[in-house]
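After this come two complexes, each holding chain A, first together with chain B and then together with chain C.
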Partner chain A sequence: MIRFLARRLIFALLLVVTVSSGALFLTRLAPGDVTSNLGAFARPEEVARMRARFDLDRSAAAQWGGWALRAIRFDFGDSFLYNRPVGGLIQRAAGNTAVLAVAALSLATLLGIPLGIISGSRRGFAPALIRGASLVCLSIPPLLTSLLLVFVASRTGWLPAGGMTSVSAVDAGWPSWVLDVARHLPLPAVALALPIAATFERLQAQSMTETIHQPFVIAALARGVTWDRAVIGHAWRASLRSMCAIYGLAIGALLSGSFVVEYVTAWPGLGRLMFEALRARDIYLVAGCAAMGGVFLAIGSVTADLLLFAADPRVREGQTT
Partner chain B sequence: MKARLLGIAVTAAILLAGFAFWRSTIGPESAGAPALARRSLGEGGRRGGQIVGSIRAVPRSFNGIVAREQTTVLLSLLTQGRLVRVNRSTFDLEPWLAERWNAAPDGRTYTLHLRPGVTWSDGTPFTSADVTFTLQAVFDPKSESVVANQLTLAGKPIVATAPDAETVVLTYPVTSGPGLRLLDALVILPKHKLEGALAAGTFLNAWNSATPPSEIVGTGPFVLREYVPGQRIVLDRNPRYWRKAADGTQLPYLDRLVLQVVPDQDAELLRLQSGDTDMTMSELRPDDYVAARRAEDQGKLKVVELGVGTDADAFWFCLKPEAWKKDPRFAFVSKPEFRQAISYAVDREAFAENVFLGAAVPIWGPVTPGNRVWFWASVPRYTHDVNKAKEILKGIGLEDRNGNGVVEDAQGHEARFTVITQQGIGWYDRGTTELRNQLAKAGIAIEAAPIDNGALIKRLLSSDYEAIYYRPLSSDLDPAGNMDFWMSSGSGHFWNLEEKTPATAWEARIDALMAEQASTIDPGTRKAIFNDAQKIFAENLPALYFVAPRIYYAHNARVQGVVPSVQRPPALWSADTISVR
Partner chain C sequence: MKDAGRALLVVIVLVAIAAPWLAPNPPDRQFNDFFYAPPTAVHVFEGGLQAPYFYPLRIVSRLERRFEEVRDRPIRIEWFGRGHLLGVDPSESAPLLLLGADSYGRDIFSRLLFGARASLGLAALATLAAMIFGAAIGGIAGYAGGAIDELLSRLSDFVLVLPATYVVLALRAVMPLVLPARTVFVLLAGIFALVGWPVVARGVRGIIASEREREYIAAGRAAGASPMRLLAKHLMPAAHGYLATQATLLLPAFILAEATLSYVGLGFPDTVPTWGTMLHDASNVAMLGEAPWMLAPAAAIFLVVLAVNLLVQGSGRSPVQLEP
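Right, the complex of A and B next:
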């Protein structure tokens, strides 16, 4: 188990280094740089100062070397946009994204898995309806969903049309603040959760259909176990293997999907921060966001492995022997 | 009897309709200056309440003399004061922290008398020492001030002395046409808070966006209460603000102003329509006008026509000879006649209709009717005439010799160009499409290449392009504050950046005229000189301007006392007079 975790942690570290370094190089190589924010006709000395401040007057390799050395000490450089250290910005934004991701993942799980069990273990109108709804949710990109939800929210006033907290929460205490965040959460969480819930539903349904034809389920049914108990008590647990594997990817998808959802719904998370950083060619902020994105992915991957470990005795046995 | 009653009713209805029509023709302009003046003094507002505005970007600094992006400028307007203010609605110079001044006959020395009794938001008295300190900070090289250039004349800084606590004497190195108007860019900062940073050489990073709000003091109508990066900025009323309304009410009217960060403009409009926010910091896009009007009909928004914008889209060719290397097309691109032919070929009315959905007016130069002081209505015009365009092209040896619809020179080099523009901007897409369609009729072929803004700027600065369609923003409405654009050596002389010596005789002539107007004090003489420069520009057309957009602004219907301006921010430049119902 310890060796397994150690391997995973080394992989996670490599992932973070690769993703953040790649982001730094790509931002550096893309046309235009942070100085374009100074406007088309900034004075040359102003441009030169800005280039020096962000190490753009050095070669890409030298810039990466300097950045990597500082990053070891958890100094990820300064952000041009925010004019403050990248570390603090990422910390705050990652927290906000985590709140959104947990909400969206919970919603996707609560919706996707039960619906997948139903559509994978039954026949008739309801499973067909669920399949159709899933296909629609899979086809609509989060951009469209979030725009639609913001539009509905702004027209109906049922939910706040964006942001994470209301202005009224400025002077409010913690309980009011939490309630206020909870009011703002459904809109981006639903926009993010729908395609993931649909993915879960489809996978769960497919896995369930395969599992209920396995000999151990047929044997259980032959022993007189009811259909529902056989499905929930026997087939579902065995069918979770593929679901656990997809969880890590789902966390990654949440992060990449949150780019556009956070931007449209003005949720102050990591996705929006990275989007703004990319637009402004804010090189160290991009690299920092990508590093945190890598951390999210690594956490997702390790979580998926641990879930699989817990859910599937075959994996446990394979690990212990 | 019935017929008589019917007649009376019809007559009354006609009279009422006539009266209503007459009332509707009285717009903001014909309502007269006194009404505007009353509004700018904030008479009649209700004290209390808060408004929520949206901003699309976070501030880089709270120090208005080291950063100049839109949000920092906005925060400077809200939290700080200047010695004098250029009223963004009337363009008049107004006393602000300096309540009066005297100009010496030499045109270089100004004695400013500071408003007595003004204090910083922390209670410290505001004195002339703060003014001299601010100028010292501006000209300290370590400050890297963004206003130092504007306050440097003939390579020398403006010198400030303080004979007493309420008097400041400013000595300009040379006579300056704009005079005290230059000081509109100078935010006065508190010596007692920042002198340590200046002495330590850390002024550039003092009051950066990580500074605790309680550390930031000002003489403006609001004080910073909270800044949550990426989310919002909360400003509370400055209880020590010096300004009062005409009826004696202490300004500002509002208790609180919240600026929410909403980076996406579509989401910004939706939030405005839903009432989540009360105002934005930018004008409506042409595409959003109908939706905003609909919301106005429902009583949610108020849509205001601000007038004609002071900046317009430009279309220009790279006129730097080195950039074209041996490309033979430069032989005709560099000829003013070629660009004149383009100007004749473009139907500006159709351009306004198709690109700006009718909300634009034809123009023939960079100074639009929105710049009421410096606009010259008699600038040379090119009335739409495709035949005339073709005739001019033929005159310089360009005609369609092979019948493919594109003119070429005698050696067969076609007038075919790639025009780069910024991607994702609706009117840029429509503008380049309209240009392509209209110029095709004269035999000039253009192909649009929308690219990212950063890449566009990089190519512009390295003169790596054939033609560009873009909206370069002017740094000032006064031509003396916009010398970078007019002077051939300027960094904003975008068709041929930073020429070592004027590349053409007409550019040399404009250089001389601009230098002359910048050092002329008499406004009438300055205007006449600048008209000459505009005439030369319009004859040689280094950049072509077709239409200037009409600017519309929308805010929540509950917001009152907005004094609209065509310059950004359209409403919050005068935030102290805004109130809510």
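Right, the complex of A and C next:
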């Protein structure tokens, strides 16, 4: 297991380095650079100073070298847009995205897994209803759910239609700040969670139907184990293996979806920050965001592996990897 | 379920093809005084069934964008006139706006139909490119095996790990932001194909790798068939079913990718009607609450994705596609 984990960690590290370096080079090679934000009437010496500040006067390789050396010491350079070190900006945005992603993933799990167990192990009206609902939810990607929810919110006023905090709550101390964020969170979280919950439901239902006909479940039923216990205790445990693999993939979907949701609902997360940075050619901010995205991906895939270890004794004993 | 999905998809494609004939108005015609106008209510019943007609709208308050129907002058809807399925005499005081008008006073229904051409066309082109690219790489990896297989598989695995939206976003954002529509079309198709091929390649590789051990390939090799011929003529047919499923899954993903890019302002220019640029027009939250018909393209995208899901689920295959 240690060797396996070590290999995954090396892969994760490689991922972060490749993604952030790739983003750096891509931004560097793109037409136009950060100095175009200064406007057409900027003095030449000002442009030259800006280029020097962001190492644009050096070759791309030299810039990458300098950036990588500093990044090892957690100095990710400055942002042009915010005129601040990138590290702090990323930290805050990543925190916001993490709150959104964790909320959405929990919601998707709480909705998708139990419903999947029900629709996968039973017949009748309720499972058919669940199946239909999840088919509809599968067909509404986050772009549409968030637009729809924003529309509903702006129409009814039940929830704030965008943003993460209200202006009034910022200065009112942290308890009211937390309450305020909690009021803003449901809309983007639901928008992000619905399609993922539907996917979870479908996959759980499928693997449930498969495992429920396995000999060990039939044997358990023959021993006199009740239907519910056989479903939860035996069949579901065995179906967990394929679900864990999905969680690793879900992180990518969460990140992709969170960009759209953050953009539509004005949630100040990593996706929005990266988008702004890309448009302004804010090179170090782009690289920093990409690195953070890579970290998220790596955390996701390693967590999925750990879950797999915890859930499936066959993997623990090294029979399959 | 499968048939319903297929029928829905066929209808959508037919509508896109017949857009110039079906659309009552030119997609870029701006009707002044009809900014954010609500959908025209078509009447067919007044003291008995009648030919469809509607009452022209007149703006009452420009500030509040309030419209009222002019009750005394009904306008007849003409069928099969002027080379369109339906329309009104251009000299009439109000246009036929079946789904209302957008922020420039353009007919949303007509734009939706024309948008289907751009959105579906782009997605179809990108899907085709991704299929060809993916099948070629997957086929070579599966047939060659060894180091080539290892290298190509690692490459496609790496691209698969990345969140597709960000890759597309980053690749598009580093290009010049303002480009002519034609360039955008080709560029986006290229970018989408670049992101989409690994999914195809991985599946094809698995099929080819297991298929090449079969006797008929050994027989073909013994008969002197070249590897290229074996791959293209004898091995690829085994992957046809897989390719068909992947194509149906990639199509809505690319439609959505275009919508996302255009929504954030990195896709087509605003003047080109696509479902994405139309959604971009709906991004004004304050207006969205008052003009829900702006969300019509969202409904169109939903229908396409639903059709594909029905088709794929009905075939008993699971849509493991998690994004987008």
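The criterion applied here is as follows: the second predicted complex is superposed on the first by the 304 of 321 C-alpha atoms of A that agree within 3 Å, B and C clash if a C-alpha of one lies under 4 Å from a C-alpha of the other, contacts with A are read in each partner's own complex, and residues count from 1 in each chain.
In this section, a contact is a pair of C-beta atoms (placed from the backbone, for glycine too) under 8 Å apart; a residue touches a chain by one contact, two chains touch by 3 or more.
Keep in mind that this is a model prediction, so the values were computed, not measured.
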{"item": "Overlay on chain A: chain C relative to chain B, clash or fit", "value": "clash"}
{"item": "Contacts of A:31 with chain B and chain C, given as first, second, both or neither", "value": "both"}
{"item": "Touching partner for A:92 - first (chain B), second (chain C), both, neither", "value": "first"}
{"item": "Contacts of A:127 with chain B and chain C, given as first, second, both or neither", "value": "neither"}
{"item": "Which superposed partner A:162 touches (first chain B, second chain C, both, neither)", "value": "both"}
{"item": "Partner chain(s) touched by A:151 [first = chain B, second = chain C, both, neither]", "value": "both"}
{"item": "First (chain B), second (chain C), both or neither touched by A:263", "value": "both"}
{"item": "Partner chain in contact with A:84 - chain B first, chain C second, else both or neither", "value": "first"}
{"item": "First (chain B), second (chain C), both or neither touched by A:114", "value": "neither"}
{"item": "Those residues of chain A which chain B touches in one complex and chain C touches in the other", "value": "30-32, 147, 150-151, 154-155, 161-162, 263-264, 275"}
{"item": "Of all residues in chain A, those that touch chain C in their complex", "value": "15, 18-19, 23, 26-27, 29-32, 135-136, 138-144, 147-148, 150-151, 154-155, 161-162, 196, 199, 202-203, 206, 246, 249-250, 252-253, 255-257, 259-260, 263-264, 271, 274-275, 278-279, 286, 290, 293, 297, 301"}
{"item": "Interfacial residue positions of chain B with respect to chain A in the complex", "value": "50, 52, 57-58, 60-61, 67, 69, 144, 146, 149, 208-210, 225-226, 228-232, 234, 258, 260-264, 266-267, 270-271, 273-276, 451-461, 470, 472-473, 484-485, 490-492, 494, 498"}
{"item": "Touching residues (chain side chain A, partner chain B) in the complex", "value": "30-33, 36-37, 39-44, 46, 49, 80-85, 88-89, 92-93, 147, 150-151, 153-155, 157, 160-165, 167, 170, 263-266, 268, 272-273, 275-276, 281"}
{"item": "Residue numbers on chain C that touch chain A, as the complex places them", "value": "158, 161-166, 169-171, 173-177, 256, 259-260, 263-264, 279, 282-283, 285-286, 288-289, 292, 295, 298, 301-302, 305-306, 309-310, 313, 318-320, 322-324"}
